[in-house]
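Take a look at these structures.
Both complexes below contain chain A, partnered by chain B and then by chain C.
Presenting the complex of A and B:
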């Protein structure tokens, strides 16, 4: 048995979610991404003397929405603390954060793994503000500072040490991104820094109930780096233990160029942040009414959609996953099914096939898809009721309807002459012509090579598939070939 | 609690300061007398007194999420000891 197999990785995360507010956490500066440096600043974010912070209602509402989705407990009042440290991208000399009483306590987030959903426990979620950005590589003796990001509102989600591998961290971050987009509290762009995570990693022998000494790896801004850092830490820590050494509690930094980590500071050197209640913002009571009204506004959550699609409508796990991926897709599909009073399961199956195979590849995340759920439902009903042949519906009617979403489908069917034709004489004439045009193939078929029927079917459907059912065509073809 | 040499060294490190021997001695005396004064507060009778964090009775009033009140970059940089438009400029933070 390989040495590493005896051990398991224990991982806890601190995920920073940048909120999609219009203004900063404690002042009115805009928060647009990519604005020119130091163009979104004010005396408050620059920490000029005498300025005072004011809370942003939307940051509080966003935190409550997230807490409701996670099933967290809320405190009776909202209060902030100061975290003191000195760095040039933090003009005040302290960060306004929540230390003693975070806005959300406890809760859990279900993550999707191969074997199904698993709940990851949340320790708490707190509100805070971001720091500015320092640029170190432009000048020899100086660093440049851009304070556009200083004061941008963040939520920090702190998990319990419930994750066991890089793949699970991946699944957790995917679930966070999906949830914040569903709740419309963040754009969830990892590459723009809207989601960042610090990873706490320790190892222990499998079956052990006590956690090992942990190391914190800071500021991993991509999933690839997070996975590499975890892999490296697992190897480094198990090797230390196998050699009879101890893992010491450290903050470590990740090196993207070779996938390794190195110590940044030890526990003894940990900064003393001297937290204390923010004197400039006295606590505000958190009204039950506010929580209730936000709960009323809350829509269906991703895993709730998934369960409905999978359990109630009988979709496969993969189809349910794809359709619940974004709120737009999930809403469209659910409304499509709910439009139909009967045959819901059949409509659901047809609808999911149409969306996944024919619509989503052309309109990813349904962006720019012009048909309303009622129209997609109508299209599925045309298919289920076999009003026109399937091929005609998918290849001709659907693209035509997408081009002219205002049209009436019945009129389109008539205009495009897609109506199923009941004239079997005409069908017989068309098929006879095809058979007569291929005497050699007919002879081979009659000689016993029955799979040549596929060849004739291909020819026939190209010619008459728009107007006739494949079953009908096949029946008549066999009759003509046998003759 | 007493301020000893080890604590002075730790504070020196946290505050990013370099103190010479006489400054260390002065600071040690100052801090010790401050601590003595604070310790006197410990003798106050506080049985049943609720801790007071905020002397005033008013609450903070959250604001609407609106972008307003910004100042132009040039004006923002005016108060900085050093600037390289459109950036603030500070002594190198990371030594290569």
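Presenting the complex of A and C:
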């Protein structure tokens, strides 16, 4: 194993993002996941004679949104190309894609690693259409083809070889998933195939500046498989090099059953796709105005939220990560803090604690959480101002408010008799009763056995419970015992 | 000439007048056309007649006309044939190819839909070269079409069936497609008028693609005014075809023009190794007549003469090689009964389904797009196309129209050129210009060869979207004093 320490893995990714447009990339067919086979196919999806493609502006908008987030350059014209090959699930016998002029060129995506954020350079992002699905092993002597997915719009994100480990690939995919959800251009479900990646892996001696020969591993549909494949490739390639052999440039196939890869084809056997400009869709100018208006609409990005939470509000890295996880959480938290004109840092601290410890565990990603940010902010102010005891607020007020989000918290406090003022009288009465019920113990206490306070505290807490601040209870008890 | 019940039925205005006067009814006319088509079965112009549908539609239209003559559509009385590469919902469409044996279209071409909405009747689909690839209508799964003027001669192609359907008097107008002359050349060979509109003028939705950036639906008939009317009905943007132009529609009536016009012709149109003496003389006589009538007629140099046909064949076959990939035996059309594996479905279905000329062009197109050859062929041909297009724009700064023979040669005898496909390709020299540049072009009858009686045609070409000028020049040419 020690010998492997000399090497490093160099990884580049091709990530396919399935967009959440209502219709397909080049025709009006629906794109719902899980529809019965071949139910979302018109003559255009089926490539019937005489049918032609037309552009879906939502695919283009999605690509521009992503490009804006990545800081990419945009071309002056939108052009599509054809990639020609025969396959049962490719109805036209070619895929409409972008070869010569991808919609986004360059840019970078920050990924979060233990040591902080690191920018991964993006080579380009291009638009294309998905193929259908072929199933060759379900029916003897027959292949089954489902063309529902044929023509569904995809963006392919191609990175520079900037990743160095499975964990970094993991972080990259997490960042992509988070970003596409933030931008609302894809549901980002890896298990449904909305995010898929091909991994290019090579190895080289640490400190070396030249890249090694790389292998492409196709269609890894889970992060676990991607990590396994990378691990296997690292081992395989370093062993080859250690044995004085060369790594040959190949496309390889991953075997989920044992975590290994095997060659699919060598680069020399790579099919000639005969790319050429899509003649049915002439180039369309990409208007600056369109880019500007999409830029104007663009919301805050995950890493921007993270930085605000961490740097401005002083949250811990972990808290900032959790709260910037989804747009909904981040937005809620940010608006919560912005509600308060002063003590923002304190409100932020209280708010992040409340959200992370008490609200998110019950409402993951805030789904179904009924309180508005202004209400959560109000709740935090109640806590900060110690209007009622913390425990009472968290254990009684918050659940009650969640149940009746329309309520006024002041009224709830009164109804639930959480108010501190009336509370003190009540507490005094309750504690007086306890003290009066134990005259013997009181006498012993007064006689100097101060540790009997523990006995009274136990009694008191059992009786008045969490409605009261323990410090308060102790103070009052001492006063009563010494009276 | 075509007469029925003593009426010359060579124009829509005559037909409508006769129906209005009660000389004959629309169903009578359809019966007459069907009988004529049956009588000329040996010409092999039709692949199938829509007898029952046409009769029923004629009855309905006649009834509606009698109820309210003012409600009749602009094409009431017009009976048309359509080439077997244009879709009509529920009807077979095969592009004269075995590979589409038995295939019925699920939808109608936009052009056909608009004709039907305007009150036209479609009488049948016409024979042609397979996938519109050919100049003689001999490369058809249904056997060759014969020229009604001289049945041992070819009618031209690829829309030969359409031309002959009009020529033999079985319909008023025929719909064809013109990728490199496929409407104009058969019109010329059959002594008719054939129009190829501006590229994009008529939607290609429902036209089986040969070469996407060249294909255009065209019309063959006797009277220019009928072609102008049909064009105005079919033209215009279409949500199913991004290349369908949004330009203002051409007029439905021909505008008169007067005064001296500026014509030019290319040097190689009067002096070329492949130009037959009879055609050359006829064209020269016409040029003289135009000069005598006071028009400017000037010869211009054309530096790219030898690149016209090669550029055309490189680009069209490249596009065709991809466009015809959808015919794979998987989803529709003919699947080889021999095929046992997925690979064999592709290989055998295509090997058995396509004819020799289609295979020749797919192979050529595949070659010119191949890695290592793309730049030398496809890339260069695109440059030639751009150069010619730029030069074309300059020409139209100076001239109203370009004149050229339609074909350098007279119709030849069946089988004469079987062994010499290159000479047939080279005979496209005068027609491919309009497709390379996208301009509208019409072939009009010039004269008949004194010896053989075979028709000779001439083209008039105007700048893009100037069909109105084109039609007014036809009218002007028809009224030359020499005629």
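Just so we're on the same page, the second predicted complex is superposed on the first by the 424 of 483 C-alpha atoms of A that agree within 3 Å, B and C clash if a C-alpha of one lies under 4 Å from a C-alpha of the other, contacts with A are read in each partner's own complex, and residues count from 1 in each chain.
FYI, a residue touches a chain if its C-beta (ideal position, glycine included) is under 8 Å from a C-beta of that chain, and two chains touch if they have at least 3 such contacts.
The model shown is predicted, which means the values in this text are computed figures rather than measured ones.
Trainee: Return first, second, both or neither, reflecting whether A:82 touches chain B, chain C, both chains, or no partner chain.
Mentor: second
Trainee: Let me test your reading of the model: by the given contact rule, A:46 touches which partner, first (chain B), second (chain C), both or neither?
Mentor: both
Trainee: Given the touch rule stated above, what does A:55 touch, chain B (first), chain C (second), both, or neither?
Mentor: Touch status of A:55: both partners.
Trainee: Have a look at where A:285 lands relative to chain B and chain C in the superposition and call it first, second, both or neither.
Mentor: first
Trainee: Taking the superposition as given, does A:142 touch the first partner, chain B, the second, chain C, both, or neither?
Mentor: So A:142 only meets chain B here.
Trainee: Tell me which partner A:93 touches in the superposition: chain B (first), chain C (second), both or neither.
Mentor: After superposition on chain A, A:93 lies in contact with chain C alone.
Trainee: Using the touch definition from the top, say if A:400 reaches chain B (first), chain C (second), both or neither.
Mentor: Once the two structures are laid over each other on A, A:400 reaches no partner at all.
Trainee: Going by the contact rule set out at the top, does A:29 touch chain B (first), chain C (second), both, or neither?
Mentor: first
Trainee: Once the two complexes are aligned on chain A, which partner has more residues of chain A within touching range, chain B or chain C?
Mentor: B
Trainee: For chain A, give the residues common to its interface with chain B and its interface with chain C.
Mentor: After superposing on chain A, chain A residues 43, 46, 48, 54-55, 86, 88, 136, 143, 145, 272, 279, 281-282 contact both chain B and chain C.
Trainee: With touch defined as at the start, can you tell me which chain A residues reach chain B in the complex?
Mentor: Going through chain A, the ones touching chain B are 21-23, 27-31, 36-44, 46, 48, 54-60, 86-88, 134-136, 139-147, 269, 271-272, 277, 279, 281-285.
Trainee: Using the touch definition up top, name the residues of chain A that touch chain C in the complex.
Mentor: Interface residues on chain A, with respect to chain C: 43, 46-55, 82, 84, 86, 88, 91-94, 136, 143, 145, 272, 274-276, 279-282.
Trainee: Could you list, by residue number, the parts of chain B that touch chain A in their complex?
Mentor: Result: residues 13-16, 53-54, 56, 58-73, 76-77, 79, 82, 84, 86-94 of chain B touch chain A.
Trainee: What part of chain C is in contact with chain A in the complex they form?
Mentor: 86-87, 93, 95, 100, 103, 105-107, 109, 204-209, 211-213, 239-243, 318-319, 321-322, 324-328, 330-332, 342, 345-346, 366, 369-371, 374, 378
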